[in-house]
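Two complexes, one shared chain (chain A), two partners (chain B, chain C).
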Partner chain A sequence: MKKTVDVSIPLGPVHPCWKEPVRLKCETAGERVLRTEVELGYMKKGIERIMRGRPWQEVMFLAERVCGICSVIHNMVFIEAMEEISDIAVPPRAAYLRVVANELDRIASHILANFSYCYTIEHETLAMYLLNTRETVLDNLERLTGSRINTAYMIPGGVRFDLLPEDAAAMLADLSKVEEEMQRHTRIFETGPLIALRSKGIGVMNHEEAIRSHTVGPTARASGVVCDLRLRHPTYRELGFTQVTRTEGDNFARVMVRFQEVFQSIDLIRKCIETLPDGPVRGGGFCKAGETSYAGEAPRGELTYSIKTDDYGRVVDIAIRTPSIMNIEACVHAMIPDATSIADVTATFISSDPCVACNER
Partner chain B sequence: MRSIIYYVREFLRPEWLKTFFFARTAPLETPSYFKGYPARTEKECTRCLSCMMICPAPGAIAVLRKKDQWGPEIYPGHCIRCGLCVEACPEGVLSSGRILDVTRRDGTAFWSWYHLQVDDSLCMRCGNCCVSCPVNREIDPQLGATGTSSSDEVIMRIEGGRVTILHEEKCTGCKTCEINCPNRAIRVARMVEGVQGEEAEA
Partner chain C sequence: MRNILQKIKNAVRSRSIHVSYVDVGSCNGCDIEVLACLAPRYDIEQYGIYVHNNPREADVLLVIGSVTPQWVDKLRDIWEKIPEPKVAVAIGNCPISGCVYNRRGTLTTPPVENYIPIAASVPGCPPRPTEILSAILSVAPLIFKDYEENQK
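On to the complex of A and B.
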C-alpha cells in the first residue's frame, strides 16, 4: 500500500477481537481512518487438494471441516451437488430433516456472530447471555445428529438418522425457551442506548455499494439487497420462506438482521416438525460421473461448490467459493473508510461476520 | 434507611438464600444420543472389513486378531466419531451412542461395491497385485507361494501377460493391491449407497 499519511495502524493477525488470524492495515489521520487494506493467508489448509481422488463418504467429512461454525451447510451443499450430478431424488421426510439441521446450525452461527459483535463493543454481559442460549441450540443439534458440530448428517439420497417423536417434542420445547431468551436479548440490543452509540450509523454501506462489491448474506440483506438462495431452494419454497431485509446498512442493521433470522429459523423448524411427512429417510442411489456447480445459502451468504466426478463417484476436481471473501472485501473498501475511530474498525469488521477458516480452506 | 431495609428484605428472601447457598452447576452427564467412540458389543466379528472400508479417517480403525478371535480395534486419537463403522457393520459388532438401536429400528444400512480398475499404460505386468491380494491367497494358496495360478475363482490373475479381473464381486476393498502396486496402476473405487427398508434387508 502506498503511504499517503504518516500513521498506518496494523490490526492483527493476532488481535483479541479476531477469532481467526487476519490483518487489517489502516491508514489514519488522527483518529480518522482514510483507507484500509486486508491481508489474508495465515492459515491455508489446502482442503480442496486433499479432496481430489476421494469418494463422497470421505469428501463429506472434509467439506465439513472447511468451517467449524457453519459445518452443516458445507455438508448440505456438497451432498446436494453430488445428488444433482447423479440424479438422486431425496425422500420428502429427509428433505425436511435437512432443513431442520441446517436451520439449527444457522441459529448457532448467527448467535455466535452476534456474540462476537457484542464482545467487540465490550458488551460482555449480552455476549455471554447469547453464548448460553447457543448451548441449547447445539444440544438440539446433538439430539438430532449425535454431535454438536461436524455432524455428517446428510448423505446422497437422504439423511443418516430419523427424528424420533419424543425428540421432536423436546426440540420444540427447547426452541420455545430459545425464542423467549432471544426475544429478551434482542430487546436488550435494540433498546440499549450505549449499544446504539456504538452501532447506529457506523460502518454504513448503502445499497449501491453493497451491489457493486457483491456482498452476500446478512451483510447484503442489511443494505436492502434481495439475495437469499433459500428463496430458490425447493424445500424452503414449500415452507413459504421469505427473506429478512433491512435498509439502514450500518452495524446495527447487520446484527439485527441476524437476530431476526434466528426467529425466522425457529419458525421454519417448527413448521418443518409440524408438517414432517412420513416415509423413509434414505432413498439410496449411486454417485455417477458429471460436472456441476451448486450453490446454497450459508449463514454468511452464498456458498458454491463446483464439482467434477468420475464414473465411480470420486471427486476429480473441486472448487469451493465461500461467502466471507466478498463480505470482507466489501467491509474493508465500503464500510470501514471514513470511520471516526480505530475502535469502530474492529466493531465494523466483526459486524460483517468474517469467517477466515472458510476463506482459506 | 429505606435502602438498607430494601436490601435486607431482598437478601432474606428464601429463593435468594436458596440460590446463594445451594447454587450448583448442572451435573455433567453424557446424553444417550451422544456419539462416542465406537465400543465392542458381544457379537462375533466375521471379518468382512466393512467398518474399515467405510472409515473416512486414516488409521482410525483396524480389524485385528487377538487370541484366535478377530475384532475391530478403534484408535481414539484418529477416530472422528462419525459412526459410519457402526452403521456399516452387518453384524452389529460395534456400538456408539444410540446409533445401533436407531439403525435397527429404521432399517437403515450402507451398501458398498468395489470396482477394480487397471490402467494398462501404467501397468508393467509384475503381478504384485494378484499375489498380495488376501482374498486371492485364501482361494488359491498356491498363488501366494509361486505367483502363478490356474484357478478361475480368484479375483484377478495374470493372463497372457495382462492383469485380468475375473471376480470383482469378491473384492473386500482392502486396497492391498493398490499399496503393493509400484506404479499406482491398479485403483480400487469404493462406492457406497445409503439404503433403508426392504432394500437394506435384501
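On to the complex of A and C.
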C-alpha cells in the first residue's frame, strides 16, 4: 500500500483538554489532518445491564447517573416514558416546574460546554467568567430541587417539591443577574478579535453533511438543521418555544447557538414562573405493564429511552440512545478532516460538546 | 544543612500542589464538581493548587469513578508516571464502593484501592466542591511534609 500518511497522532485518553477519557487518532500529512478515528470504550459501565429486572424506583436513580452534566433530562425522559406507558397525567403546576428544572440544567450544561471550548482555545479569562456564572445557575437548581447535580426531582405523576413564592422571587432576581453577565460574556466572545477569529471558519460542517451524519442538538442547529424536540413537547408548545438556528456550521456558530439558547432558556423560565398554575405538584398513579419509545431534547440533542415494563412496574428491557454519539461521529468524519490543521483538532472536537459518559453508559 | 533544605522544601510544597485528575468510569458528576473548584467562587488557585491533566508533573491524583475494564492496567501506568512524593485522593462514592454501578450485571470492578494506594477519600454522589478542596488541602501536607527525612 502506498504510504500517504506522515504521522499518526494519538490524542488522549488522558489529555489536558478532554474532561473524560476518549482517544482520537489523527492521520496527518504535514499540518493537514487527512483522517480521524475515534476510539471509545473507556467509560463502559453497563448501566442498561444493571437496569434490567429492577423496579422503576431504582432505575430512576440509575437513569440520572447515565450522565452527570445533563442528569435532569435523563430523569425527565425516563419518567415521561413511564407516564406514557402507565397513562399517568401530570398536574399543570408540576409540568411547568419540570420545565424550570430542565431549563436550569440546560443553562448549566451549555455554559459548561462553552467554558470547555474557551479553556481549550486557552482563553482562560472568559472560561473563568463563565464558570462563575454557572455557579449562580446551580445555586438556583439547588434552591428548586435540593441538589446541585443528581437531583431526582421528577417522579411519575409530578415533581417532589413545590416552588415557594419567595424562592421564585429569588430565582427571578438571580436570573436577571445571570442574563446580564451572559450578555457581557457573549459580547466578549462575539466581538473579541482573538476569540472570534480563532473560531470562525474552522471545523465547518455544512447543511448536507449535518443531515447525512444525523447530527442532533446545537451541533445540528448550528448547521441550519431544524431539529428540536422541544417543538413537539406539550408544555414547551404552551410556552411558545421557537428554536435557535444558525447557518455557518463552524466552531463559532456552535458556541453562539449555545449562548443564544441560554437566553432563550432564561426567557422560558421567566415565562414559567410568571404563569405558574396553582394546584398540587404530585398527582400520584400506578406504573403498569407496557412498552414505549420516548424522546426528549437533552442539552446535546435528542435523547431516546425505549422501555418495556411488567405489571409490577419493573423494567424488563431498556435501551437508551444518547445524543453525543451522533455528534462525535459527525465531528470525527465531517468537521475535523481536510479543513482543519492539527492545532484545531482539540478545539473542534470540544465545540461539538462530546459527553463520553452519556455515550458509553 | 539537610534540615534547612527540608524546611525550604516543606515551605515550597505547602503552597504548590499540582493536581491531575483521571476519570476511570464515572457519570461525569464528580468531574464537573472538580471543575467547579476552578471557579472564582471557590478559587482553588488561592491555596496554591494548580489543576492540569498531566500526570508527569502532578503531586496529587484525583481518581473519579468505578474502575472499568479498560482502565485496570492503564490506571496503574498513570500512577507509576507520577513522580514521588505523590498521593491519590478518591472523589465520590464510585472509587470507594462503586456506588450505583456495583450491582449484578455491572462491568466495573471497584474499589480503586485494589489497583493503586488511596490516601484519602471524599464520599458523596457527587461531593461538593468545598469538600473536595478541603480534602486536598488536608491530605497533601500530611504526605509531603518532611518527605525526604521520613524516607531515611
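We adopt the following convention: the second predicted complex is superposed on the first by the 355 of 361 C-alpha atoms of A that agree within 3 Å, B and C clash if a C-alpha of one lies under 4 Å from a C-alpha of the other, contacts with A are read in each partner's own complex, and residues count from 1 in each chain.
Methods note: a residue touches a chain if its C-beta (ideal position, glycine included) is under 8 Å from a C-beta of that chain, and two chains touch if they have at least 3 such contacts.
The structure displayed is predicted, hence computed values, not measured ones.
In the superposed model, A:G285 makes contact with chain B only, not with chain C.
Residue contacts after overlaying the shared chain place A:N150 against chain B and chain C alike. Counted by residues of chain A touched, the larger count belongs to C, out of chain B and chain C.
Look at A:A196: by the touch rule set out above, it reaches neither chain B nor chain C.
Applying the stated contact rule after C-alpha superposition, one finds that A:P13 touches chain C and leaves chain B untouched.
Of the two partner chains placed by superposition, A:V244 touches none, neither chain B nor chain C. Residue contacts after overlaying the shared chain place A:F61 against chain B and chain C alike.
Contacts of A:K45 after superposition: chain C is touched, whereas chain B is not reached. Overlap of the chain B and chain C contact sets on chain A: residues 61, 150. Within the complex, the chain A residues that touch chain B are 55-58, 60-61, 139, 142-143, 146-147, 150, 152, 155-158, 160-162, 167, 280-287, 312-314. Chain A contributes residues 13-21, 41-47, 49-50, 52, 61-62, 64-69, 71, 112, 115, 128, 131-132, 134-135, 138, 148-150, 355, 357-358 to its touches with chain C in the complex.
Within the complex, the chain C residues that touch chain A are 20, 22-33, 35-36, 38-41, 52-55, 65-66, 68-71, 74, 78, 99-101, 103-108, 125-126, 128.
For chain B in complex with chain A, the touching residues are 31, 33-35, 54, 56-57, 80-84, 87, 97, 99, 102, 106, 108, 111, 113, 115, 117, 189-197, 199.
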